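What follows is a single structure, and I will ask about it in a moment.
Chains: A, B, C and D, in written order; residue numbering restarts at 1 for each.
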Amino acid sequence: MGPNLWINYGEAVAAILFCIGFTNLLLQTNLIKKIIGLNIMDSAIYLFLAEKGYIAGRTAPIVTDGITSVEAYINPIPSGLVLTGIVVSVSVSALMLSLTIRLYIRYHSLDLDEIAAQLKKEGR
Amino acid sequence: MDFVCNFPFFSILISLFSGTICSVLPEKAAKAVNRIVIAAVGVMSGILLLYLLGTGESFVYWMGHFPAPWGNEIRAGILEAGMALFFCIIMYLSMAGGAHKLFDEVEESKHNLYYILINLLLSSLLALVYTNDMFTAYVFVEINTISACGLIMIRQVGRTIEAAVRYMIMSLLGSGLFLFGLCIMYDLTGHLLMSNIKESVALLIQSGEYQIPLIVSVALMCIGLCIKSALFPFHAWLPDAYGYSTVSSAAILSSLVSKGYIFLLIKIIYRVIGFEIFNNTRIIDVLFVFGLLGMIFGSLSAIKENDIRRMIAYSSVAQIGYIYMGFGMGTQAGMVASVFHILSHAATKSLLFIAAIGLTEVSGGSRKFIDLTGAGYRNKWAGVAFTAGSLSMVGVPLFSGFISKLLFAQAAVQVEGKMLAALIVLGISTVLNAIYFMKTVIRIYATTGDTSYPCITFKDMKVHAIVLLFFIVLNIILGVSSQPIVNMIEQGLAMFA
Amino acid sequence: MSKRKPAEEYHKTFAFHFFSWLQGEKDPYLGNVEMKPQEEYVIDPEMQLRHEKEHDAILDKVYDMAHNRELRLFHRLYQATSILFCLFLMALLLVTISHLPATGAAVKPVNNEVAARYIESGLEETGAVNIVAGMILDYRAFDTLGESHVLFVATITVLIMLRLDKNKKGEPNPLTRDMNPNDRIYEPKNDAILQLVASFLVPIIIIFGIYIILNGHLGPGGGFSGGAVIGAGLILYLNAFGFSKTERFFTEKTYKWICFFSLSFYCLAKSYSFYTGANHLHSIIPKGTPGAILSSGLILPLNIAVGLVVACTMYAFYAMFRKGGF
Amino acid sequence: MTVFQIILMGLLIICAVSVSFSKNLLNSVLIYMSFSLVMSLLWICLESPDLAITEAAVGAGITSVLFFVTLKKIHAINIAEKSEEQKASQCPAPEKGGQDE
C-alpha cells in the first residue's frame, strides 16, 4: 500500500465504481442491466479523470477579469477529455439499446444465453 | 516541407469526409465514391511509402497551429505507410470480391449505409496507424468498434445480432480497460503524445518513482487491446460474427479490424513504453502463454467445426495466437515475425473467406461440409483459390504462411527458456492446421459429390475470379520476395524508436 | 347508443358529443382531439401462451441444472472466476491509486507546461474565454473531429437496426408486424396538461439550448451540451403533440441535410486549419476581441455545427426507437 | 466542501450497488438516472461546469429517455412485475436466483 490512499479517496471511489460496473457487465443476465453497468463503468473512468485535473482552492478554467495566471485555474485538459468521452459513451449506449430492441422483437427475451439456446433450436 | 508529407492527413480526412458524403448519395454513387476513395488512399500511401524509402526518415505532421506537447500530431514512417497501403489493397479486394453477395444479404434501402460504414472504418484504421496521440487513438478505436459492429449486424438474421451484442460487450470491456490504463499513464506523465510520454517514462524508470502504477497502466492497456483483438480466452464472439456476417464484412473484420488494434499495440510498445522496458516486465510472459494456448485451442475448435465459414473463423483465433506469441518472445526477431504474420494472415484469411463464398454458392448456399463435396469441380476458380489459401495457412513453401512460420521458428531459437515451448507448439499447431485445412480441400475435390448443383464458369463470375487471382498473387509475392519486405519491416521498426 | 339514426344525424346529437367526450376524443375547451387515447397494451393470449411455452422449454434446456451438471459447473465456475477477477481488479486498482500523486496538489506531473500554456496563452492564441472550449476545438481539434464522427456512425448503426423501410414493391417491412402495433398507430396520448406545460417549456428549453451553444466560448457549455438540451426540448414537443405535428418541420430529409451540411462544414473548416497549421501558412480567420460574442475564430461556428448535429441526432435516436423512422 | 463530496460519493456507490440488485428494470433505470444527477453535482464540486451541464443534459436526460423508450418497447414497464410473480408461482426456480446476482 502506498501513502496516498486516503488523500486519493475520489479515485478510490472511481475504482470501486468501475469494478461494480465491470461485475454487472460480466454477471448480469439481463441486457438492460448490462448496459447500465457499462454506463456506470464509463462514468467511473470519467470521475477518475476529472479528479486528476482538480487542484484544491482554484476555480473553473474560465478566464475572469482577464487573469491568466496558472495559479488561478484548475487543469483544463481532463475536462476536455471527459467531454469527448461522454459523447462516446452516449453513442455506444444508444447503439446497445437499439440492438436490445431488435433482439427482443425477434426472440422475446433479454437473456443472451436463452437467445443462444433458441438459435440452436432453430438450427440456423 | 514536401507536399507528399500532407498525404497521411489527406487520406484520413478524405475517408472521413466521404463517409459524410455517402449519407446523402444514392446507392450506386455511394459505391463509386467508396471505391474511388479506397483506391485514392491506396495510391497516396504508395507514393508516401516510396518517398519515405527515399528519404529514410520518418516525419511528424502538426494537426493544427501548435507544436508538439500542445497540439495534436500524426506521424508517418515506413511501417505506417506500408500498413496503410496494405490495408487499402485488402479492403479494395474484399469489397470487390464480396460485392455480388452484398445484394442478397442486406436490405436494399440500406446499401448506401454499408458504404458509409466502410469509409469510416477505413478512416479509423488509417488514424490508428498514423496517430501519434494516445487519446486520439482511443477515439478512433471507438469509431472502429462501432463501425465493425455495424458491419456484423447489417445482415439482419438472429445470429448476427446476437454476435454483434456479444462483440460489443467484449469490445466495451476492452475499451474501458484501455481508457483506464491511459488515464493512469496520463496521471504519471502529464502528456498524451506518444513521444513525450516515452521521455517521461524513461525518466520515471531511471528515478525509480511510481513503478507499480506504471506497470499496472501498461498491463491494463495491453489487456484491453488483447480483448478487442480476440486473443484466446476472449474469442467467444468471434465465430458467429465472422461466420454469419456478409462475406465482405467477414474478410474485412478478420484481416483488418483486429489487425488495427494489434498495430496500435505495437505502436504503444515501441513508441510509448519503449521496447526494452516492455520486455523487462512480466507482461510478455503472459502474452506468450495466452498466444500458445490460443494456437492450440483455436485449431482444436476448428477441427470440431463442420461449417466452413466457422472453421475459417476459428482458424483466425489460432493465427492471432501466433502474433501474440511473437510479441511474447521479447526479441526484435519475434516482433518482425509478428508484423510479417499480420500481413500474411490478412492476405490469406480474406482469400479464404472470399473463396469459401464461391464454394458455397455452387452447393445450394449450404456451408456444411457434407454439401460441399465436389464443389471444387463445380467452381474451379474458387476451388483453386481455396486450396492455395489452405496451403499458405499450413505453411507450404512458395506461400506467405511458410515464411511467417520460418520467421517464428528462427525467432524462437534465439530465445532461451521459451524456445522449447514455442517450437513444440508451433509444430503441433502446424499439424492441426494441416488436419483441418487438408480435410476441407480433400472434401471439395472428392468425386462423389452431388451433381445436381449447377457448375459456374469463369464467365459467370469474372470479378470474383479476378479478385481471387489477385489474392493468390499477393500471397505468392509475400512468400517469394519476402526478404525485401522483412528488411522494410526491420527498417520501419527501427524508425519507431 | 342509438343505431336507428343515420350516422350524420347521430353525429349532431348530444349523446354522441357526450360519449366522445367521455372517451377522451373530444374536449369542449380544446375542440377535437387528434387521436384516441392509448389503449392498454394487451398481449394476445395465444401468443403469450406460445411464447411462455417456448420460454419454458428454453429455460428447461438452458437452466436444466439437474440433468446438466456440466452446464451448472460451468455457470458456477464462470461466476466464481468473474467475481474473483473483479475483486482482484479492484484490489489492484486500489493499490495503484494509493501510489498515484495526491489529488488536489498543485505540483504533480499532470500540471506541467502543457496545462500552463493552455491557461496562460489560451486566450491570446484561440480567443476563447472558456479555456476548455479553446482546448478541445483548437489545440486538440482532431479528437473532437473524431468524436463527432463517433456520434455520426452510431446514428448510422441505429438506422441500420431500427429503420423500417418498405421493400421494392412498397410492402411494409415484415418486422412492422412484430413491433408493438399499438405504439405506432396510437401516437402519444393527447394530454391537455402535458400539452399546456410543453407549450410553456419547449420554447424556454430551446432558447436555453441556443444560449448554451452560442455562449460556448465565453462560459460553460458548448455545442454538445447545448445540442443535447435542444434535442431534449424536441423530444418533449414530440411527446406532447405527436409525430404528425413534428413531421411538418422535421422529417428524415431535414435530418439528412442538416447533418450533411454541418459535418461537411466541420470537416472542411478543420481541414483548412490543419492544413495551414502544418504547412506553416497564415490562417485568414480573424480571432476577434476576446469576450465578444463574435470572437475566437472558428470556435463559434464549429459549436453551432456540432450543436445542430447533436440536436438532430438525439431527436433521431428517439424517433427511431419510438416508431422506426421519422 | 470535502464532507459534501464524500456524501455524494457515498450516494454514487449506493446507487451503483442498488442498480445491480434491483429486480425491476424500471427501478434500475430510475436509480441510474439519479446516479447521473449525483455525478453532475459532483462535477460542480470538482470545478468543471462544462461537464456538469453535459452530464445533466445527456446522462440524466437523453440516455434515460432512451432507456425508457426501450423499456416501453419491450413491455418491461407493464409486465415486469407480472411475469416475476408468474415465474415465482409457477416454478420455484432456484437456478434463476443464482443467475440474478
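Everything below uses one rule, namely that a residue touches a chain if its C-beta (ideal position, glycine included) is under 8 Å from a C-beta of that chain, and two chains touch if they have at least 3 such contacts.
Given the structure is predicted, the values throughout are model-derived calculations rather than measurements.
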* **For chain D, the least number of touch steps when starting out from chain B** => 2
* For the pairs A-D and C-D, output the one whose chains share more C-beta pairs in contact. => A-D
* To do: Just grab the chain with the largest centre-to-centre distance to chain C, centres being mean Cα coordinates.
  => B
* Please work out the Cα centroid separation of chain A and chain D, and write it as a whole number of Å. => 13
* To do: Averaging only over C-alpha atoms, locate the centres of chain C and chain D and give their separation in whole Å.
  => 18
* Starting from the mean Cα coordinates of chain A and chain B, work out the distance between those two points in Å. => 28
* Rounded Å distance between chain A and chain C, as computed from the means of their C-alpha atoms -> 17
* Residues of chain A touching at least two other chains -> 2, 9-10, 16, 18, 21-23, 26-27, 51-54, 60, 62, 77-79, 81, 83-84, 86, 88, 90-92, 94-95, 97, 99-102, 105-106, 118
* Check each residue of chain D and list the ones that touch at least two other chains. => 48-50, 54, 58, 62, 66, 70, 73, 99, 101
* Touching two or more other chains, which residues of chain C qualify? -> 79, 93, 95, 99-101, 110-111, 114-115, 118, 130, 132, 140, 143, 147, 150, 153-154, 157, 161, 179, 219-220, 222, 224, 317, 321
* Those chain pairs that satisfy the touch definition -> A-B, A-C, A-D, B-C, C-D
* To do: Please give the residue numbers of chain C that touch chain B in the complex, ascending.
  => 92-93, 95-96, 99-101, 108-115, 117-118, 125, 138-143, 145-147, 149-150, 152-154, 156-157, 159-161, 163, 165-168, 256-257, 259-260, 263-264, 267-268, 271, 273-280, 283
* Asked: Residues of chain A touching chain C in their complex?
  -> 1-5, 7-12, 15-16, 18-19, 22-23, 26-27, 51-56, 60-63, 68-73, 75-81, 83-84, 86-88, 90-92, 94-95, 97-99, 101-102, 105-106, 108-109, 113-114, 117-118, 121
* To do: Going by the contact rule at the top, pick out the chain C residues touching chain D in the complex.
  => 40-41, 43, 63, 65, 72, 75, 79, 130, 132-133, 179-180, 183, 212, 219-222, 224-225, 228-229, 231-232, 235, 314, 317-318, 321-322
* Structure fact -> So, in the complex, the side of chain B touching chain C is made of residues 1, 5-6, 9, 13, 16-17, 19-21, 23-24, 61-66, 69-72, 107-110, 113, 116-117, 120, 123, 127, 133, 135-136, 139-140, 142-143, 146-147, 149-150, 153-154, 156, 180, 184, 186-191, 200, 210, 212-213, 216-217
* Inside the complex, what are the residues of chain D that reach chain C? -> 48-50, 52-54, 57-58, 61-62, 65-66, 69-70, 72-73, 75, 78-79, 93, 95-96, 98-99, 101
